[in-house]
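Below are two complexes that have subunit A in common, paired first with subunit B and then with subunit C.
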Partner chain A sequence: MRAYIVRRLLLGVVVLFGVTLVTFFIARVIPSDPAARWVGGHPTAEQIARARVELGLDKPLHIQYLRYMGDLLRGNWGTSIRTHHPVLADIRAFLPASLELILSGILIAAVLGVPLGILSATRKDALPDHGARLVSIGAVSIPTFWLAMLLQLLFFGYLGLLPLGGRVDTVVRLTYPLQRITGSYLVDSLLTGNWPVFTNALTHMVLPALTMAAYPLGLITRMTRSSLLEVMGEEYIVVPRAYGIPRSVVYYRYALKNALGPTITVLGLTFAYSLAETFLVESVFNWPGLGQYASQSILSADYPAIMGVTLVVACTYVIVNLVVDLILAWLDPRIRLEG
Partner chain B sequence: MKHAHRWGVLALVAVLAAALAVGAAGCAGKGPAKEKPEQPQVAVYISNEDPVVYWDPADACSNEVIVHNEIYETLIRYDPVADKFEPVLATDYSRSPDGLEWTFHLRKGVKFHNTGNEMTSEDVKFSVERAVQRGMGVSYIWDPVEEILTPDPYTVVFKLKYPAALDVVVASSYGAHIVDAKAVREHGEDWLSQGHEAGTGPYMLESWEKGGDYVFTKFPDYWRGWEGKHFDKIVFKTVPDAATARQMMEAGQADIAPNLTPEQIEGLRGKPGVAITEAPSWKTLVGPMNTKKKPLNNKLVRQAISYAVPYEEIVNTALQGHAIQSSGVIPKGLWGHAENLYYTTDLEKAKELLSKAGYPGGGFKLVLTYPSGADDVRRAAELMKASFARIGVDLEIRAMNWEQQWDLAKNPDPQKRQDILLYHWWPAYADPYDNLVNMFHTEEDILFNLAYYSNPRVDELMNKARETAGVDRARAIELYRQVQEIIMDDAPQLCLYDRKSVFALRTSLKGFRPNPAYQDVAFFYNCYREGE
Partner chain C sequence: MTEEAARRAGLGYAWYLFRRNRLTLAGSAVVVLLVLVALAAPWLAPYPGDATADVHPERALLPPSREHLFGTDELGRDLFTRVLFGSRISLTVGVIAIGLALLIGVPIGLAAGFFGGTVDEVLMRVCDVFMSFPPLLLSVAICAMLGPSLTNVMISIGVAWWPWYSRLIRSQALSVRERGFVEAARAAGVKPWVVIWRHILPNTMAPVVVQASMDFGSVILTAASLGFLGMGAQPPTPEWGLLVSIGRTFFLDQWWYVTFPGLAIFMAVLAFNLVGDGIREISDPRTREA
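Up next, the complex of A and B:
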């Protein structure tokens, strides 16, 4: 088991190395002048020349890459051309907001999706199954940004029930200052007992989290349904049913556990997918997270920031995949992880 | 047992999730919390990009202007409408007859934020010398200054190399803010850039969060005092999406939003509680042409193209009236502006010029680039394409990210670059020289002279104008008129329009007066809330 994890992590490092190589060269092949951007709106030629030396842009590209990698290994992710802050500090500032959003979305998707999938499987081809099918296909196929705008229009525009965007109301934030611990407003306000901020942040979370939940919800529902149906045809399910063991016990005790494998794999993959989806959702809901940071960095050809975000996303993929495999092994002792 | 353990974890997750969902549903309808300890008067300003990249006022040269002018102050402030300078940190000033020595008398009893240090001539000298030494932002505006003397704590004397207009430099919206010398010396050179401030302005930094809120609170010891109605706190929010910004304005979640797109402005017009205010700005849309490549290397062709631009249509349709056609290369409202110096739309004249140049009926293709995302500029380009087609010129329009289009325009090989590019230019400080030197002065390594224009007579005249502006403004304006007449005749650049600044405001926000010399600055000290 330990050997397996070590091997996977080493493989992950190789993958990450490849990612840095590709991203660095693609980001630097795009025509743009980071030195001019660095000194700002009205640069003079001397300022640009000085910045070029300061940023090491006067060196050949492969030397720049080696320098970048050297710094990276020492924990220095470079300085953003656009914000002039260390990239790592920027990511640390923006990532918690995104994670808060993604986790809430996935939580909602799992909590609603699994029961919906079970319902769909146990009442196959009956009305609940058709309803669930409609919901899940709709959730997967609606474009995210459109769903986001529809939700805004309905809950903010017509009903006036939920806020339009942002993480918390300005006045609430100013009146009840929040101490930063994890960077997640919900967790921090819960830990410090700051109830006004907690409830306010929660209302701000509802719409973006629902939007984030749509795609994984559809996938999880369908996946749970199909794998459950497959399992229910197996002899070890048919036999206890024939012995008269109650249906609920058979389904929830024996069938579901065996059917959850594919669902968890999908859950892991959608987590990484969600990181990319936040680009759109954060923009519509004005959510100051990694997605917004990334899109602004791309628009201003801020290559250290682009590299940083790409690395974070790649790391997430590697780690989530590993974690999913470990969970699968834990759920199903037949799976052996060998080094 | 093992079973129970595994399922226990899953159950726990499910319960937590359910709690979150129920909690969210439960308090969804309630809105913000009920009892607030004491509610401060808060003004909210929406910015479409990060309000601050450079916290150090010596380095700033972009959007920071909206924040820095609330926390820092300059010696004097320029009012271009009245063409007057208002005293701020200096109570009065004078210049020697030869224009080479400018003396400023400082206000007594002005305190800096946090430290309570008094502002003296030492701080002024330190701030300017530090800006020059850092060489970032717009430090070049101090080029005329030879030496700064501080005969006593309340007097500053600037000795100049040539009689430049130092008043506009000292009043610049960038690079001329006075910082607390003691605080900066104590905390180190990089302290300001790390997100601190040391100003004398009405508001001081309370907290800021990247991509989130930038909060400022009133400085109790501000020298003007806090009599009358003012805001206790001001908040800057970054909202990149214009549709979201518009909805926030409609919902009363923000008080002021500059730079909304024309559609969002039209959508907001007439909405209860929202007012639209227009003000002149010094932002102009320019279209430098590639004067080193056929066919635009021919002056007659450039003139023909200038006659073929549908100016009125662009202003009325693409900009929905939020602009006026440019006259000369210095925007209306900035001294040095030249009236009645523009091309009309005259397709017959354009055809005639093309024939004269050896291109009867046109028959060539031009490539135009514009910054992607700028919808109004795209529409202007489309109108140009339609109009050019009528004189037989095929205009290919391409959207490019600003960085890329600028890089392409700077290409040392003129054959490889676009024929025309469109972008917005505005001067860094209230001096027409800034427009002229950047866009039309002969340049070895191309930076902003994107037409590759070079005319020794123009270079000479503009430098002469700069060096007379300090003693004889009228003479300088005359010289600037001459320069512009030559430039307009040579037609290296399309001068399309001077934009108007359009602000969406809550009607309850009073006292807001836009000033084009301080683009988009609210000067919140003068604002207050009434009604709502």
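Up next, the complex of A and C:
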């Protein structure tokens, strides 16, 4: 097990290193004039010259990369053109809101998707299976930004049941100030017993979380179905069935346990996808998270901010994958023994 | 049975499985329809001039009616026409972006699978790195740096997508490499790149073509998402993602503005994904027979 962990960690470091190489290339090598991009707006010749020295663009590429790495490691990720704050500080401020949204979405997706996948696999080629397949394929096919607006149109425009966007109403926020502990409004208001904020934040959460749940729901349903179907033919499922042990016991006790591995892998994968989805969803719901920060940065050509978010999301993905692999190795001895 | 007959029977069986699945069949019908619409858009569209920069202030933001099936936009252009013409953009972007991904991914996968050893190790780590970015994110980053345009959307998607094809073709090449005819060719002194081109490539393409067709839906969706973020086509191009993005300003009062272009994206992506899923079911005996 230890050898496996060490090998996996080393590989993770190599990939992280590669990720910085890619972002370095996108930020400094692809653009025809990276210095002008970095300054933003309509820079004067003097500003460009200064940026060129600052970014080390007069030096050879490998020296430039070493400086880029050094800056990243020291926490100097550049200054946002739009907000004039250090990019890293901005990311730290906006990330919790996004994480709250992503985790809620994945939670909804898992709660709905696993049973739907089981239903689909146990009633293969019957009506429930076709229904579940349509739902799972539909969920990964629907443009999330469009789904977001349809939900707004229905629940805000026509029914008037839920708020249009934002995390909490301004009135509520001002009347019941929330102490920041984790950065998640739901968790913080629960911890401090701030009920007005909790209920208000919850109503704001419903539509964005449902939108975010669509893509993971599709993947989880499909993965649960296919891995269950694969397990169904195994002897440890066929034999108890032949002995007359009830279906439900066999499916839930024996089959599901062995089929969940791929589903956990997909959960890790959807986390990264969801991070990118926030670019689309948060701007529609005016949700002040990393995605809205990114999409506004895109509109105002705020390159340091865009590259900062890209780097954070890619690193998060590598780390989540690493954690998922370690969990799987811990759950399934076959993996760690093979490696 | 001759080899040809056996192959035909296999294809016949695959066609039978494909046909048996109504969802897949419906998806293929929509795909065919979509291609026809894209080809015939100039003749099908009631107001072909509205596909670009025509302006008719007197009929701005009209709700759907018999004259304007999908309503009109803020400049009085017929949305039905614009959505029809949008199909051309989405399909073109899909084909070129996937073509570009294949152009990058296939040679790299072949090299990794054929030469093995250090070459393989290095190339696969490069793949790992690119696969650490969600495709949408990498496309956004590249597009942001290149500047917003349809061409850059295609380039950025191609760059984000290639590692999946490299992985696939590498695993194919690894097994083909061990076959007798490759060994014979190498023993006869045929140069490596000729072996790769003549013997390995043709025998690895089938699964890659299948995979590429299954990816079509996701690529169209990614392109539309980039359009929505304002990084793709610019007005007055009737790109679907861009239409939804512009319609956002009006959607609470003029529901049709975002609804129809969005529905077009959804239907197109859904159709391609249904077909892709059908192909997957057929090609994977484990889910087929269980």
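Keep this in mind: the second predicted complex is superposed on the first by the 280 of 339 C-alpha atoms of A that agree within 3 Å, B and C clash if a C-alpha of one lies under 4 Å from a C-alpha of the other, contacts with A are read in each partner's own complex, and residues count from 1 in each chain.
In the analysis below, a residue touches a chain if its C-beta (ideal position, glycine included) is under 8 Å from a C-beta of that chain, and two chains touch if they have at least 3 such contacts.
Bear in mind the structure is a predicted one, so any value in this text is a computation, not a measurement.
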> Touch check for A:K124: first (subunit B), second (subunit C), both, or neither?
Replying inline: second
>> For A:L280, using the defined touch cut-off, is the partner it touches subunit B, subunit C, both, or neither? Pick first, second, both or neither.
In response: second
> Is A:I264 touching the first partner subunit B, the second partner subunit C, both, or neither of them?
Replying inline: neither
>> By the touch definition at the top of the document, which applies to A:V87: first (subunit B), second (subunit C), both, or neither?
In response: neither
> Which holds for A:V135: it touches subunit B only (first), subunit C only (second), both, or neither?
Replying inline: neither
> Which partner does A:A301 contact after superposing on A: first (subunit B), second (subunit C), both, neither?
Replying inline: both
> Once the shared chain is lined up, is A:V19 touching subunit B (first), subunit C (second), both, or neither of them?
Replying inline: second
>> Looking at A:L101, would you say it contacts subunit B, subunit C, both, or neither? Reply first, second, both or neither.
In response: neither
> Taking the superposition as given, does A:M232 touch the first partner, subunit B, the second, subunit C, both, or neither?
Replying inline: second
>> Per the definitions at the top, what is the overlap between the subunit A residues touching subunit B and those touching subunit C?
In response: 30-31, 37, 152, 156-157, 284, 299, 301
>> Can you tell me which positions in subunit B touch subunit A when the two form their complex?
In response: 6, 13-14, 16-18, 20-21, 23-24, 27-33, 36-40, 42, 44, 49-50, 53-54, 59-62, 135-138, 140, 193, 207, 209-213, 215, 233, 235, 237-241, 244, 247-248, 251, 253, 373, 401, 403-404, 406-408, 410, 428, 438, 443, 445, 447
>> Going by the contact rule set out above, which residues of subunit A touch subunit C in the complex?
In response: 11, 14-15, 18-19, 21-23, 26-27, 30-31, 37, 124, 130, 133-134, 137-138, 140-146, 149-150, 152-153, 156-157, 226, 229-230, 232-233, 272-273, 275-277, 279-280, 284, 294-295, 298-299, 301, 303, 306-307, 310, 313-314, 317-318, 321
> Which of the residues in subunit C end up touching subunit A in this complex?
Replying inline: 22-23, 125-126, 128-130, 132-138, 140-142, 144-146, 217-218, 221, 224-225, 228-231, 241, 244-245, 248, 251-252, 255, 258-259, 262-263, 265-266, 269-270, 273-274, 277, 286-287, 289-290
> For subunit A, which residues are in contact with subunit B within the complex?
Replying inline: 30-33, 36-37, 39-48, 50, 82-85, 90, 93-94, 104, 107-108, 110-111, 152, 156-157, 161-167, 169-177, 195-196, 199-200, 202-203, 205-206, 209, 283-286, 288-289, 292-293, 296, 299-301, 330-331
